[in-house]
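Notes follow the structure.
Every chain is named by a letter (A, B, C, D and E) in the order it is written, and numbering of its residues begins at 1.
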Amino acid sequence: MIRTMVITKEDRLVLDAPIDDILARIDLKWYWIDFSKPTIEERDSLQTFGFHPLAIEDCLHLKQRPKVDYYDHYQFYVMSGLYHKTLKSHEIGAFLSSTMLVTFHTLPHVEIDEIWDNLASNQETPRKDPKWILYKIIDKMVDASFPHLENIEEQLNRLESKSSRSYQIQTLMDELFVVRRKLSHIRHFAVPMRELIDRMIHSEKLNHNEEERRHYQDIHDHLVKLTGMIEASREITSDIRDNYLSINSNRMNTVMMTLTVITTIFMPLTFIVGIYGMNFQNMPELKWQYGYFLVLGVMALLGSAMYLLFKKKGWFDE
Amino acid sequence: MIRTMVITKEDRLVLDAPIDDILARIDLKWYWIDFSKPTIEERDSLQTFGFHPLAIEDCLHLKQRPKVDYYDHYQFYVMSGLYHKTLKSHEIGAFLSSTMLVTFHTLPHVEIDEIWDNLASNQETPRKDPKWILYKIIDKMVDASFPHLENIEEQLNRLESKSSRSYQIQTLMDELFVVRRKLSHIRHFAVPMRELIDRMIHSEKLNHNEEERRHYQDIHDHLVKLTGMIEASREITSDIRDNYLSINSNRMNTVMMTLTVITTIFMPLTFIVGIYGMNFQNMPELKWQYGYFLVLGVMALLGSAMYLLFKKKGWFDE
Amino acid sequence: MIRTMVITKEDRLVLDAPIDDILARIDLKWYWIDFSKPTIEERDSLQTFGFHPLAIEDCLHLKQRPKVDYYDHYQFYVMSGLYHKTLKSHEIGAFLSSTMLVTFHTLPHVEIDEIWDNLASNQETPRKDPKWILYKIIDKMVDASFPHLENIEEQLNRLESKSSRSYQIQTLMDELFVVRRKLSHIRHFAVPMRELIDRMIHSEKLNHNEEERRHYQDIHDHLVKLTGMIEASREITSDIRDNYLSINSNRMNTVMMTLTVITTIFMPLTFIVGIYGMNFQNMPELKWQYGYFLVLGVMALLGSAMYLLFKKKGWFDE
Amino acid sequence: MIRTMVITKEDRLVLDAPIDDILARIDLKWYWIDFSKPTIEERDSLQTFGFHPLAIEDCLHLKQRPKVDYYDHYQFYVMSGLYHKTLKSHEIGAFLSSTMLVTFHTLPHVEIDEIWDNLASNQETPRKDPKWILYKIIDKMVDASFPHLENIEEQLNRLESKSSRSYQIQTLMDELFVVRRKLSHIRHFAVPMRELIDRMIHSEKLNHNEEERRHYQDIHDHLVKLTGMIEASREITSDIRDNYLSINSNRMNTVMMTLTVITTIFMPLTFIVGIYGMNFQNMPELKWQYGYFLVLGVMALLGSAMYLLFKKKGWFDE
Amino acid sequence: MIRTMVITKEDRLVLDAPIDDILARIDLKWYWIDFSKPTIEERDSLQTFGFHPLAIEDCLHLKQRPKVDYYDHYQFYVMSGLYHKTLKSHEIGAFLSSTMLVTFHTLPHVEIDEIWDNLASNQETPRKDPKWILYKIIDKMVDASFPHLENIEEQLNRLESKSSRSYQIQTLMDELFVVRRKLSHIRHFAVPMRELIDRMIHSEKLNHNEEERRHYQDIHDHLVKLTGMIEASREITSDIRDNYLSINSNRMNTVMMTLTVITTIFMPLTFIVGIYGMNFQNMPELKWQYGYFLVLGVMALLGSAMYLLFKKKGWFDE
């Protein structure tokens, strides 16, 4: 879908004018054209603006990290945002000049839709400019990532307590794995964006005034906080996993000890009763008056002795 | 709760004047207003000072790392402190000018309370200034974190010795987990604060004199020491865990060997006695005069042979 | 194989002229000589150009990381590319001046072949120059590495889902090992190339104009993206492995518990029936009317009691 | 203990003069006052010198990393040294001017004692100066740490060979744990000292001449070597531990296989002989002439078949 | 052993002149004195040159990392080389001026011997100078380390394939351990040397001309390649170990499952046949006509049921 928004010199807002018309008009103050999940045919329209071929190629293939390229009459941005459905980082291309903003993204972004709808229905719109819209897009996309991270933090709090109760462990591991994937996605959005914003703040070519710089600094601070939260959460996932593995190794130990104690006590006893179950004709003990009771006594002694031995070795302390 | 402290030009200390009064007065030297765990309504008062909207938003949402922002007539600080109950790092916003200090924190901080009480009851107060109070707050908050870390170090010393006795292992793991969480919290307080102080010392906009710089340098040195102690403690937790896992793996080995030795010796013997417990009518051995003793002898030989075999393989060395 | 391409001052394209002829001609605009998997004899031809001995030695032995060396009349590049068959990084030497490009590689590179074939059959060729060809070679080699990485990402997606189904684990481990080797190879290509390109962009000696710099910046951006993708994939391999190990440890636990429960319940019971299988003449219980049923009852009780004990201990929860 | 050493303008050496006397004298060239494990009362004497309160506080609490602070008439150093008994890093405070050295340490240091004794009994002493003594203290403390590290390296060499013999593993782990603690202590001494010396060499305020700079550079080189040795040793401890864990895991495997082979072969056989030990009145096989031998044959076949199956599966290869 | 080589002003080569003679002569162009594994007495000769005491001490104790110190009339180098027998890094001290090279090493180095022999028997020697010899020594020592690393890479290739066949695991672990030690030794040679060469290239005091700089740059490039190869090999050792541990853990799982299946099937059956082996006088089932066959049938059913249960649980899938 391609949607267009034009502000004429008389501060009038015109929506959905065809691109060719817009490029031909002289009486416009600024315009915003948004390529949202464009079809193959719609993508070709990008050629009509006369942008640099490298920038267009970057838009269409988007194999870049966030960056800003300076051309003579415009700047070309690659930004990234979290796609709200998959939580994966997704690139957005943008061409910016004082009279033009062209945004290009192969997935629909709810944050951009929101800004569009707001501008399209707002009296204030003619007083804004393309620079401000770009700032707003970045701001929204960064703010939109915080709730995801807060969800993760809550989930980790739940997992921490579960971990100590130590059950349904397969589930625990699977949840941790998913959380780590999510954290990884958010980090792959946040770190390059932080670097981009940092470069934008310190770039002399961008001609930001003090107020604009302050706004970008604010976004930068949020991104620094965000990456700090991501690292803290990653650390917790590692700790939960290590903790679980320790506990599991310990339970295994207890189980093995139980098995070994039982086997070590009963196997020799079973062997003894086996002996007196043999059918040899000449087995003198079998004829003793108290042979049976003697054997029972010997076995009771043997069993107790082994039990005491294990006890002394500290196997039941745990 | 909002509390106010005003020093008039005549060096008089006035407590708990309403905010609107304070802002209207001309005869004041400086004032300090502290928003301590303010209610929703109290928060709105922050709007009356005419601060920059971004700074106010940062105060209310506090998604920042510690930082200092420079505005025309004041500076805006975000600092962090350990909240003494949860040991979690908690942000504190502060607006500072030569005549004003406004502090804002959504949790009550005992360190700030202490400074307030001290100033409110002290003859010396008129000779202080907002800059000095801010320094004091940071100083107290940093110093307050040392006892926590010293507790952790003592706890780790105890755990180290426990670890070598190797019992109550689940408890050990849980304690380590808690210690690591605490260390993580303190680090998330100390590292960003260290960076903030560092930036404050080297900032030219802050106009610190030599003596003030020296004081902040001292706080910085404490924070460097603190982060060093945190890293050392983290390392010890890892080492204790690794050590425990090695010991556990070793115990498991011993247990498995015991089990295997017992099984390997007694299972074949039990099989043999089982053979002569069968009820076939034609089993020539059963009628031999010394069949029973022969079998006993064979089994004694077999058992001893296997015992010696394991001994030779070194299974009892451990 | 040595192949040569000469553009004369009259913009004529001459192919496969002998090297000595080329060096002797005065009427040429520029030439490209490609040593593709040269024989031992062909390698000697490299001596006839009068290059610096260190550069020639580097060409023949190629123990370098990618670099650029500046000589008086030419530059010497060592670049690396992925050899498409083994996916291993492979060095390519290149001597560049305004009228000359000499490339040297001991393995055939399809990317270079493609450029050669394109130039050899293209009307546009006389308008290109050696600098542009070198750029094209690097560009192709970098772009050629993306499909490999995308294959790996798809493979990891498959493995992730397999991991949760948790079967054919040896295969999983082997695949992971292979993937990590491949990622390692690509990284050993991408990181040094990124550094080389970075140095080329910022080198003042190379005299790149704005447009050339932009093209190299584009390659650099691709390489930054590539290394980011490599790191993300490596992280996923680690996570899959850790996840698998946790799951495996958990299955082991379940298996051991099953074994222990069975053994603990049946070993004492088997011992009891063994007792009444003994052949002592004087075993009073054997003559009791309901001795048999009594023993069966006792054993049923004992078995149930142990089952309940394990149940209470939570061994069946998992 | 407080000890004092004064060199008068006539190059006379006076020992153990009271502090107040020293501060009052005008005819002295330089003096050294050493607070070695001072009592609470002795600590108060530190106040009489008129040092900056922050420096005194640092001395008394010593929560600093090594550093140098510049005051108008003197410098304040915090250095650290290994306390020879515990091998723990321990801070030493020092105030230095051209006529004064005041050292303060809450534990006695043999290295300082040595320098003191040497100076107190040496004819050359009047030709030295406080700067030289400070250099000598640092030099001695750094050199004193090498023998500790060499001991550790020897110990690791022993452990490496033990590890391959793989016995007394609990001891091995405990030794490794102790070694890692020691290495950690030495590192917490060496790294901050290295940073301090580095800062001292490059500080312009310290006015070192070429020769002094060379001496400190020499200490710096030793510390760089020391930290390199520490890292190498740490790496070896990790490798020994990993190696041991692999070996242990392998032994466990062998043990488990032995157990499983024995159980799998003898359990079915024991079951078979159990069948013919039953006392049913109607069991036709029991009356067969060669039933017994038939069963023996079947069992021999079964046992051999299982043995061959395991052999084919490769369980005895290891 | 001390050996000397003198070039007189008339370009004559004099070998093995005594040191005192050399220092006394005026007609020499340059000389090289090599202390190769000197005896205690020979070491004393080092004092006769008038070098700085710190440099001599460094030579004798060699606790330095590679470095270059600048003195008024000479430079002092500490270089390191791999000692070919132990593969351990070993320091070499060298004093260099325009007319002098004094090298000092407590172990004999074949690389230095080779250069010496070459110079002693070569017509070209008078045209060389001490600077060139030093370069040659460093060059040879760096080149000599490549074959060691290539051996390791081949060994790792072999181990990788072995690892997949997964046998003789103790051997595999021991080989990996040795490889890691070797890699560690080479790295402790390569990294500090790389830093030294880097400092030499950028040092202004050394007055290298363009050609010399190029030669050192070449050595630097080799060392960068070398450290890259070392890191790649280290990574492979970790991957092989992790891979092996996963495989081992998996085999253990299979073994445990086999054990558990056998035990779980046969233990209850053995218990049943044990029941009917009891000798109670009143056991009605024993007298049933088809009791025996009934029990056999029940046991066949039970065994099959358990087998199917395990099959359904997926225990045989692996």
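Rule of thumb we're sticking to: contacts are C-beta pairs under 8 Å (C-beta built on N, C-alpha and C of every residue); 3 or more make two chains touch, one makes a residue touch a chain.
In this text, all values refer to a predicted model and were calculated from it rather than measured experimentally.
The chains in contact with chain C and with chain D alike are E. Copies chain C and chain E of the same chain sequence form an interface built mainly from non-equivalent positions, shared numbers / all numbers used being under half.
Between chain A and chain D, the centres computed from C-alpha atoms are 39 Å apart. Within chain C, the positions touching two or more other chains are listed as 249, 252, 256, 259, 263, 267, 270, 274, 277-279, 283. The touch graph of these protein chains is a ring, one cycle where each chain has exactly two neighbours. The ring sequence of chains is given as C, E, D, B, A, with chain C as the starting point and chain E next.
The touching residues of chain E, when paired with chain D in their complex, are 52, 54, 58, 63-65, 67, 69, 167-170, 173-174, 176-177, 180-181, 184, 188, 192, 241, 244-245, 248-249, 251-252, 255-256, 258-259, 262-263, 266-267, 269-270, 273-274, 276-279, 283, 285-292, 295-296.
Those residues of chain C whose C-beta lies close enough to touch chain A in the complex are 146, 164, 214-215, 217-218, 221-222, 224-225, 228, 232, 235-236, 239, 242-243, 246-247, 249-250, 252-253, 256-257, 259-260, 263-264, 267-268, 270-271, 274-275, 277-283, 314, 317-318.
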